[in-house]
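See the structures that follow.
First chain A sits with chain B, and in the next complex the same chain sits with chain C.
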Partner chain A sequence: MERREFLRRVGLTGLAVAGGAGGAAWLYDPRRGDQYFRDQQVSQAHKLPSFRVERPSGSVDLAIARGSDPGQLARAAIGALGGMGSFISKGDVVLLKPNVAFDRAPLLGATTRPEVLKAVAVLCREAGARQVLVADNPINQPEGCFFKSGLQQAAAEVGAELVLPRASAFAPVEIGGEVLGTWPMFWEPLARADKVIGIAPCKDHNLCSGSMSMKNWYGLLGGRRNQFHQRIHGIVSDFPHMIKPTLVLLDASRVLMRNGPTGGSLGDVAERGTLIAGVDMVAVDTCGYTLLNRDPARLEYLHRAEARGLGSTRWRESSWREEQVG
Partner chain B sequence: MFGGTGKRAFVRTDIPLRERLIGGFILLLLVGVGAGVFHKGQHFDPALFSLDPQFLDAGQPARTPAPLIAEEGEDRAGSRPAPVVPLAGPAPLPAAPVKATPAGSWWANLAPPGWKPQGEAEHFAPDNLYVKINGRAEQYLAYEVAGLECAGVVEDKGGFIDIFVYDMGTSLRAYGIFSVERPPEAAALDLGREGYKSGASFFFWQGRHYVQVVAGGEGEVFEQAGLLIARQVAGRLEDRGERIWGKEALPAAGQVQGSLQYFMRDALSLDFLGETFVARYREGGRELTVFLSRQETPGAAAQVLGKYLEYLKGYGAVEEGKDTPVHLGDLGGFYDAVFSQGRYVGGVSQAEDRDLALGWAERLAGQMANTED
Partner chain C sequence: MRITQIRLVSQVFFISLFLFFCFVTQFGYLKGYPVSLFLEVDPLVGIATALTTHTVYQNLIWGLVLLLPTLLLGRFFCNWICPYGILHQFTGWLFNRRDITENIESNRYRKLYALKYYILFGMLAAALLGSLQIGLLDPICLLFRSFTVAVLPLVNLPTEWIYVRPHVHQVGWVVGFLLLFLVGMNIAIPRFFCRVLCPLGAALGLLSRFSLWRIHRDTQKCVDCDLCLQRCEGASDPHTNLRKSECFVCFNCIDDCPHDALKFEFLPDVKGEVSRPQLDARRSAVAALAGALVFPFSRGSGDVGKNFKKEVVRPPGSVAEPEFLERCIKCDQCIRVCPTNVLQPALLQSGLEGIWTPIMNMRTGYCELNCTLCGEVCPTGAIQKISIAQKLGLGEFADLGTVKVGTAFYDRGRCLPWAMDTPCVVCEEVCPTSPKAIYSREVEITDRWGQMVKLTRPYVDPQACIGCGICEHECPVADERAIRVTAVGETRSKDRSLLLSAAGGGGCGSGGCGCKSNKGLMQIEAPAQGPA
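Moving on, here comes the complex of A and B:
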């Protein structure tokens, strides 16, 4: 081989090696693979807007309705807060978030009562809502849960659109909580909504003692959310940070007193004839927890949330009203 | 490029078209694989990477301290915080648990006249039990549940009945989970072992199984169908007639019906108290909680007693037993009286009456001293 040819080939080989090494260095990322994907998720994450509305000073912040008809209780409680018109504007798309976690019949107290969902949906329509969406993300067979809980039929009867949790409906959302950083959520209905109303049953919970309006938002999480059970009070206290709903209702007309959150026996259910509505989830749950015959002073997630300025357990010091129905 | 001897190696100049095409295809394939990896990296499943592993190391949930005073109207034993079983690591995604129904299983031909099966039976193992009973699964895992099988029947009008058969592995565990879920006022029924009815739903344990027949409505139609199903299931599940030791060891006289419960761990919300039966007793218009724990060896029982006394000293004063094996803890107006006898640790928890607590604990200690076990 000639010297010139030899040098040419050596040069080309060197260029190829240097190019490869340079390309590898350019592509090299010192992060671990899982960290890379988490960072990607953060960079792509949505941010949840606040769904709260400005309310005139002196407005009632928490309303307690007592009576036997759950639909009337919802109407009375929202009426005491100033009526649905004070929350919903003409043309709004309203997302109703019931608790549809299990394929249980409504009489067992594990899911939101259809009568309450229907009453709230009708009130939204009367207030001028353009569309009412109903959404939740049960882990086990959403169709079965919506069907057996009676909420599918309830939504259909009032012309609300049921949004089922298809895989494409989830997207990462930046939460920035103590436990929840960025996490996949059932994003589609939230993205479509102008206003969001939580409608939760009041029930015992095996791990966090009470599942009420704050815990209800757990149902919008995607991913392997069962792992959060190891830090249940931290995650529940993240929810009032995660989402600022327009309004929440805590349906304690029929309370699952034990063996929650699934229940299964009518012997676990007590008729309480009460519904609480408000804009401060911590306050609503503090009030509601007493209906489980338990002391809110001992419910850790309430105090965690209050310490973070996400609500107040001293609801009696706020503007509240009690209504008797029937 | 160069031969091993320093001579120029043979260089092919005539490369067939076929070989060129194959080479080109392989190059394109490599580019495609690279593009695929890049695309997948940009469109990953967020569920796989959302959880920071540090999260699982960040601490277990704080254990709720044992309440010294029951809330008004609170069913103390039933409402104590359930033991939390730490998860070993990331659980599998909720994969479809449904399998084909093998012939001859308990759910075959279960539908009463006018009803029909609703889909196929579902099967859940401990690691995906949360898919069916998210939030409740930990309670069953604390009793080392082996699996859950669910089936359902529906009627033409849309009514439904769901059947849950939990395989708890042993009859003691089946009794345990049954006993902690049983409502205090449950209406007893001749069904399986200790069956009861609640609304139109039926519950019983049998052999190593805990069975729930949960009606989706109320009324005679549901009751009749539910009972028929429950009896059929009871007839198909094995029962070897195992005896539950705590039922025999704790006195029957004065025991509040339906109050006997078995805790595999964390009885009385005490993390050192496992393998324990707890029951409520009524005497002279007063009620108290009696417990009895069986340990592997007398040494282990003595250790548990030691921990119990430490716990009592942390919350109040302890009076050591002199002529009696019973130690009395005064928790500011509530009394715990505890003893160990052989493999057993027992006593009375949080009684309002000092003498009543002492009397019951001494009687139980005497009874256990005469036990051969």
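Moving on, here comes the complex of A and C:
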């Protein structure tokens, strides 16, 4: 055999051995079982920044607008808080979080009213927002929910971008709450947003009695949400810890009084002609809960949140305003 | 422009149309597109359902449109329109590594190609007795099913183009590998499926004998070079005595003849032509007998009757089970359009006859209260076209009552508040009816440590429950759910009702005896109790 041929063949075999050994060494996993499961727990979790803005001293923190036109109510309430300009800066990307949990027509009171979403989106634009996003992770099938709630059309009419909850849009977020540790969140729209505004309808809820501006953030979570009900008041009081929105609106123009949170009959809904806006979700929900004809003193999650310093139920002691529209 | 080029344009158009229909058969894009058009013009669907139901349902009348070119030209459909044929021709061409001689040999007629006629006879015999099985191999049903169950989920995996929340399909791998096998067989035998298995091709082949235009060979000009065989799609022997029943009217032979000996002629002399498929009478009889036995054997197994399976929860608007099996062609269009992924192709849950028919799996989805899309796209009326008002029993449909697909039952040994002193009632939260079919009672119990605990324990109101299954879908007991919907209580069948209803005719009570007395679409139910 020629030397050249000998070297070629031995060299090739040697390369194959070295390649195999190198590959195996590179992939070699010496971890013990405990280490393996510990490593599983430490995932690359995002952290959610605060979306709050500095409020000038003496500004109004909670506004109640009363009237019949839901769009005007939103404008009036935000106006009373100092206008959208006091929340949104020029060039901001604003995420609007309506409650689109169920496949329901707008008048059934189970979802955020399109008129309110539109009014808020227009105000954001007027305040110089570069882009307005609309996102929710419904319980029912997402396309159906956005279509039948009228929010898809509403978003299209005001040039807001609808972000659908595709699997790739979720990522683990370190929440560090009482119940929620690290949990998958609908991350894509949050990552894109400079400001976040929650727009919740005021609803009866079978388990926690009221679904309002705090409970609305359930819709930005993914994963096994059906376990939340086992500690529902702990979960809901974790939400103001989890996210610090720029502003929340609680639309109580039509209130789902019973059979919540799904409703399904016009008989379940009452006209209440009210919209509450504010920066303290606990305050907003304390105020809003009375519109369900219920006593906020008995809504556990409000008091849990207050005890944790996440808001105040004594909104009447803060600076608030009431506006009558039309 | 050569006629084969025009044919190519037609093929590109129809495969594109098929793909377009496939894509838009979903909530956001459906609009008014006639997405089941290919199935409606498929004459085998029309003929076989006419045999089972003695009616031609709605748009299936369009099957007549396709008979026209068949009676004029022959199996024009197979090589100009059929999307499955186009897929086979394309993949056969793409993977063809034969030289000219091998091509010629691969396109000679073989006795095996008569198999499709026996398959057709078996299926028609089954249909005659009331068991519709053409969908197993009808090319349009097969292709829609393959796309719905296997191809689109595959496309969605890396792209997320198809679904917002990914859909899964039980036993999708079977459908997927079957597609791969049938397409792959083109490497061994060109147009394997079309030549050997296709019952629609067989039906059109039988009708081809009447066609007015046919390939005619001028024996004066022909030098017997057999070059006409090199791209013959149907293996119809144009080089000798043409087998009209096998000819796909692709015109390749005319293109390839170097001596201009082949022509497509109006009423040519058919002496020497093999106008009809060459079939063996005994084999035909055996095939028909085997097909005919499907009905007694499968009904004798009881899956349709008194041994019906609780898993067979049919989509809303479905007709009673015996009639469902007379109508469902297993095209799985309903499964494609279902926005929640609740509809799944059955394997043997509803017996031998029910393979690939739609059933609900509440773990993969739930029935959306305000949705009737499955009935909208069903081409045969197995799922009737009902409005949402009718589904909910509102207004003018109040006399028909709510459409129920089954009833939910608690498994108290698995339910958190019932068995484990743990708060939950997600089921009540998501229950979509008003008033909710799931209600709860507050109880105070002493837990194992002696503490008084307040708990809310859920119950089902069977009058209000429509069987939509969202409770089961959302139940946190992730494997075997603590609330499960079973078929009992479905309004489509008196034999499977649960509560004594105020009105409505009864069947003979034996279930699946074939008696038509419970054929009424929805029985009249007493209206559910009004809200408090």
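Brief remarks on what is shown
Methods note: the second predicted complex is superposed on the first by the 283 of 326 C-alpha atoms of A that agree within 3 Å, B and C clash if a C-alpha of one lies under 4 Å from a C-alpha of the other, contacts with A are read in each partner's own complex, and residues count from 1 in each chain.
Note that in this section a contact is a pair of C-beta atoms (placed from the backbone, for glycine too) under 8 Å apart; a residue touches a chain by one contact, two chains touch by 3 or more.
A quick note: this is a predicted structure, and the numbers were derived from the prediction, not measured.
Clashing of chain B with chain C is the outcome of superposition onto chain A. Within the superposed three-chain model, A:N293 lies in touch with chain B and out of touch with chain C [touch as defined at top].
Touch criterion met: A:E143 reaches chain C, while chain B stays clear of it. Once the two complexes are overlaid on the shared chain, A:S168 sits against chain C while remaining clear of chain B. Once the two complexes are overlaid on the shared chain, A:R9 sits against chain B while remaining clear of chain C. More residues of chain A are in touch with B than with the other of chain B and chain C. Within the superposed three-chain model, A:L107 lies in touch with chain B and out of touch with chain C [touch as defined at top]. In the superposed model, A:V93 makes contact with neither chain B nor chain C. By the touch criterion defined above, A:F37 reaches chain B but does not reach chain C. In the superposition on chain A, contact of A:G223 is made with chain B only, not with chain C.
Legend: residue contacts after superposition of the two complexes on their common chain; A:V53 is shown touching neither chain B nor chain C. The superposed model puts chain B in the path of chain C at one of 109-117, 181-189 or 523-531, which is 523-531.
In the superposition on chain A, the residues of chain A contacted by chain B and by chain C overlap at 102-105, 139-140, 148, 205-207, 224, 226-227, 229-232, 258-259, 261-262, 264-265, 267-268. Residues 27-28, 160, 164-166, 339-340, 365, 368-371, 416, 422-426, 428-436, 440, 456, 470, 474-476, 478, 531 of chain C are the ones touching chain A in the complex. Within the complex formed with chain A, the residues of chain B that make contact are 1-2, 8, 41-42, 44, 46-53, 55-56, 58-62, 64, 71-75, 78-79, 81-82, 84, 86-87, 90-91, 93-94, 130-139, 160, 162, 164, 181, 183, 185-186, 198-199, 201, 203, 212, 214-218. Residues 102-105, 139-144, 147-148, 164-168, 205-207, 224, 226-227, 229-232, 258-259, 261-265, 267-268 of chain A are the ones that touch chain C when the two sit in their complex. Listed in rising order, the residues of chain A touching chain B in the complex are 1, 9, 34, 36-38, 40-41, 101-105, 107-108, 139-140, 148, 170-172, 179, 181-184, 204-207, 209, 211, 222-224, 226-227, 229-233, 258-262, 264-268, 293-295, 298, 300.
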